[in-house]
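Structure first, then comments.
Each chain carries a letter (A, B, C and D) given by its place in the written order, and its residues are counted from 1.
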Amino acid sequence: MDAALFGAGRIGKIHAGNLARQPGVALRYVVDVDAGAAAALARQHGARVATADEVFADKDVGVVVIGSSTDTHADLIVRAAAAGKAIFCEKPVDLAVDRARRCAEAVRQAGVTCLIGFQRRYDPTFNAVKERIVKGEIGEPEMLVVTSRDPGAPPVEYLKRSGGIFRDMLIHDFDIFRWILDDDAATVYATGSVLTDPAVGSVGDIDCTAVTIRTRRGRLCQINTTRRAAYGYDQRFEVIGSLGMLQANNHRPTEVVASTATAVSADLPEHFFLERYRAAYAAEMAHFFEALAKGAPVRTSIADGVAALELADAATTSWREQRIVTV
Amino acid sequence: MDAALFGAGRIGKIHAGNLARQPGVALRYVVDVDAGAAAALARQHGARVATADEVFADKDVGVVVIGSSTDTHADLIVRAAAAGKAIFCEKPVDLAVDRARRCAEAVRQAGVTCLIGFQRRYDPTFNAVKERIVKGEIGEPEMLVVTSRDPGAPPVEYLKRSGGIFRDMLIHDFDIFRWILDDDAATVYATGSVLTDPAVGSVGDIDCTAVTIRTRRGRLCQINTTRRAAYGYDQRFEVIGSLGMLQANNHRPTEVVASTATAVSADLPEHFFLERYRAAYAAEMAHFFEALAKGAPVRTSIADGVAALELADAATTSWREQRIVTV
Amino acid sequence: MDAALFGAGRIGKIHAGNLARQPGVALRYVVDVDAGAAAALARQHGARVATADEVFADKDVGVVVIGSSTDTHADLIVRAAAAGKAIFCEKPVDLAVDRARRCAEAVRQAGVTCLIGFQRRYDPTFNAVKERIVKGEIGEPEMLVVTSRDPGAPPVEYLKRSGGIFRDMLIHDFDIFRWILDDDAATVYATGSVLTDPAVGSVGDIDCTAVTIRTRRGRLCQINTTRRAAYGYDQRFEVIGSLGMLQANNHRPTEVVASTATAVSADLPEHFFLERYRAAYAAEMAHFFEALAKGAPVRTSIADGVAALELADAATTSWREQRIVTV
Amino acid sequence: MDAALFGAGRIGKIHAGNLARQPGVALRYVVDVDAGAAAALARQHGARVATADEVFADKDVGVVVIGSSTDTHADLIVRAAAAGKAIFCEKPVDLAVDRARRCAEAVRQAGVTCLIGFQRRYDPTFNAVKERIVKGEIGEPEMLVVTSRDPGAPPVEYLKRSGGIFRDMLIHDFDIFRWILDDDAATVYATGSVLTDPAVGSVGDIDCTAVTIRTRRGRLCQINTTRRAAYGYDQRFEVIGSLGMLQANNHRPTEVVASTATAVSADLPEHFFLERYRAAYAAEMAHFFEALAKGAPVRTSIADGVAALELADAATTSWREQRIVTV
């Protein structure tokens, strides 16, 4: 099957590498506004640089992978759906809920497969927790505590176009909430502060948040995040059920433990998302092609993309208006 | 110095044992509505059974330890203060903020030492975190996540008189919040559910809670609690600062690790508060007598007792009225 | 029951404190060549200073606790046995196997209870491993790996009279071997080096050892020790059986974990044996009086003391003569 | 650069996959006595099935990867060296030291690069320990304790041709010893037993061993191994130096921790060597081609292969003759 890739940046390279390992799949085209980046990545994978029009016009292209900037996602999804191509798109669908919903509708009408890149659901550790919950190991899930901390805030220029911390960063955590507790939000309460860098506040954003979601069945979820954890990328969650607790802890580069005159110490967590979720990105791409081959639904659908965005919107409102938002 | 103990129950026995280890301190009287329990504990420690009147009339009694039921605390504090005796009183001061404030005023006017038993501040692990924060190891504290879970709900009869989960159980966590973040609450949001046992709901209480506190300086605190953790008593917190994170983790009975065909496993946490905080109770009593000897203030004053109760009240209101409460 | 204590030093104080907590037991006499130390400890516990003759002549003394220097043990054991007193004696029985055997014979003939202070068998962690092996959790034990490292070598003056590292330090590990594998040694191979301090070598001793014991049933045991672990007192062992492995790991002062820009770190192990085995010393004394009360055998008998010394002798010979010693 | 692969079995597939990821390298030929396996692997990688003669005759083949059975290694190394091809050969060089030495001599004379597959040296965890020792983090290394346990014994048919446990299994541990302590063995003592399966003994082999190596500088190494660890593949070592200790611990499939009513438990170690050393095999192949490109020496040379085999021989003699062997 022939594939085209939109976006030759950091995440595009990851997807290109994973595409290359799928049996029977060939990367044919790379599209990027940066001609040099597109050419380099195309050359590495035996593909060629193309325009979006060329991609959508080529009947042999069955799959498009969208890893370009967020503001291009909605348009590319709609065009790909219209062209009958299967879609693998980085999160988020869009920063505006109504546009995201229109994308979902376009996908539905076209009947194409569309996976939204919530890669965490494909992480071996996170996925093992989900499977063990489903098997009943901890009985009924009751509470979820999500810790999601970045090693440092992105540049202010990025933040300006990011949609704010809830849509940019916590959207992953909202997806984890929906996936793990398997219940609908009834109310959302969000608060936050600028504690790590005043520059974040200067563009109307915050860098630390505390979110609480109560579900229709009364289950509780707390999410705590910061843009700057001095010790690195901290990605954990724990879910408590009637029979016990499952914790998804951090991954480390090595399993070395050092004992010196001052402390017994282990590695910092994996540095950032490209390292932490390396296996997840690979599994996500494999899952996409498996689902395509079987005609099966994907684990992270465009509906999931819309739903997480709705929660991000609710959290943004809660924070801005300092009130509990009923979903 | 002669001491008298009110309450010969579970916690009274702990305090009696710790009193016995203080150099130069003798337990003289035990007071309890249960004559048999009072007699047994008195006999074990070479003390005698007495009435409250006898205790307060005895000029040789310099210290009273109050470990009787919550509804007796306020009255005993006021009488002890009037009699000029140093006071060691189990938390809470009272279930009503106004009565607690009157106790604090009585203590202030009498100029006696009064320690309220927030024993967690004396736990070696919790206390080490506090000391390391004060030394600047993680820079400015920014966020606090408190996990506080009991191994099982108390009987409904107990719950009826408990003042509700926020005043009975989370009062400890509110004290940890004040101590660790060292900042005043600006807003409190609390929600909760009955998830573990409908009987809890039948007396108007809840068994799972999620609380968020925002401080005047914008620091954030999340507390998650449940009355029933299948794996035991789960008492942890983590505080994130500009330079890193400090975590206070669970204590275990032993350091055995078993590797079998199914898993690598360690002990459950210490069973419940008497085991978990054994060292804390001992250190608390030693601190009390050290402070008395030096004329120094105690680490957990009656003002701390009032302040934690005020937060419990705010959380109760937030939960009941489903709104954010400004403190 | 009245008790007498020989030795008012470091370990004597520990035993005195634990004696004081035994119901119905009173410390009556303290004997020490250092009159000041004896007086101080006697005063603290309401006892009085005495000579050995006075102790053995007093019919009311039912128990002697021997915590004086090693060269006094054998004589005191023999006299105490002759006087019909129950004996609690620090390890080793003696540095010479033949004298130790004569002590054992004296104890046997007198029919008195005699506990030798292999306190590790009373440690909650080590003891839990033993109990779980006995319950069959790992099937038949096959291999044992013992890690036993001190935080620093004692003064050379001490080493001169210590009997050498195998009799002084590894005697505990030989006892662990006998207890855990519950089998007799067939061969012993020991080697070692002076790696941490040439002064150790100057008195004919070594500071690092590697010992291998093969039992009659073919089970294997490896012991590794050093006098100087920069990170503190390292006391672990692991036993592998047909169904799995049990590990006894180090205890730490607190359960704090710090995550900073350089590492995720936990506390060093408990500093040295007084801290590490605090609970063990308390349990050992309680076990002794329980055994006395029930007329039951003690867990660490004088026969165990002799047997561990025999292994220490075999290891010393193996190291000195560079050959495998058949036991 | 064109490459040929000998051996299309389990390890051959791993090497083929890693070859495919090297930039500028093409797998041209697959050679295997099993024609079907050769054809399948060749097809998957766009190579073709060939004979050894064809491979050695093809001037375009610059590299041969030898993953066929042990008895073919020596012959293929000698032929490859004669043909001037760079060699990547699975351990061991051969089961006979003299043949292994002749291979090393052939490689030396031909001046070709030859890497022997001691993949553990390329493992991220093990390699990090080595690098941190070299940087001086724990001062001078003094003692090494190696734990090396398989999840289960191979079939008796395999054991018959394996050269015995010391040459087949411990050869890796002997290489770790040489690499980590960076010193020459002076004496070797080995003992062992048949404890897990009498069938192992029926072919003159053992399944549990305890080895002690003393180096010329007096450093000590203990190795403990078993063919059957019920909990899986246990691959750890710890090295103690003057300033502290570095431990290389097991890797786990996920970082999930489960807390239930009975225990707090984590994953078993990675199942066996293909899983545990997946990253190591990839890094080993990358290192080989990097060394080739730079004309630099490889980390695991044929001299290392010979030296480890010499230690395996010494250990075998020690075990069989029940004596300490001087190397």
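By definition in this document, a contact is a pair of C-beta atoms (placed from the backbone, for glycine too) under 8 Å apart; a residue touches a chain by one contact, two chains touch by 3 or more.
Because the structure is predicted, anything quoted here is derived from the model rather than measured.
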Lowest number of touching-chain links that must be crossed from chain A to chain C: 1
Pair exhibiting more inter-chain C-beta contacts, A-D or B-D: A-D
Rounded Å distance, chain A centre to chain D centre (Cα mean): 39
Between chain B and chain D, centroid-to-centroid distance (C-alpha), Å: 57
Contacts with two or more other chains, residues of chain B listed in rising order: 138, 229-231, 234, 243-245, 258-261
Partner chain D, residues of chain C touching it in the complex: 138-140, 142-143, 145, 147, 149, 187, 189, 191-196, 208-210, 212, 214, 218-222, 224, 226, 228-231, 234, 240-245, 322-324
Residue ranges of chain C touching chain B (in the complex, touch as defined): 124-125, 128-129, 132, 137-138, 243-251, 253-261
Chain C residues touching chain A - in the complex, by the definition given at the top: 229-232, 234, 258-269
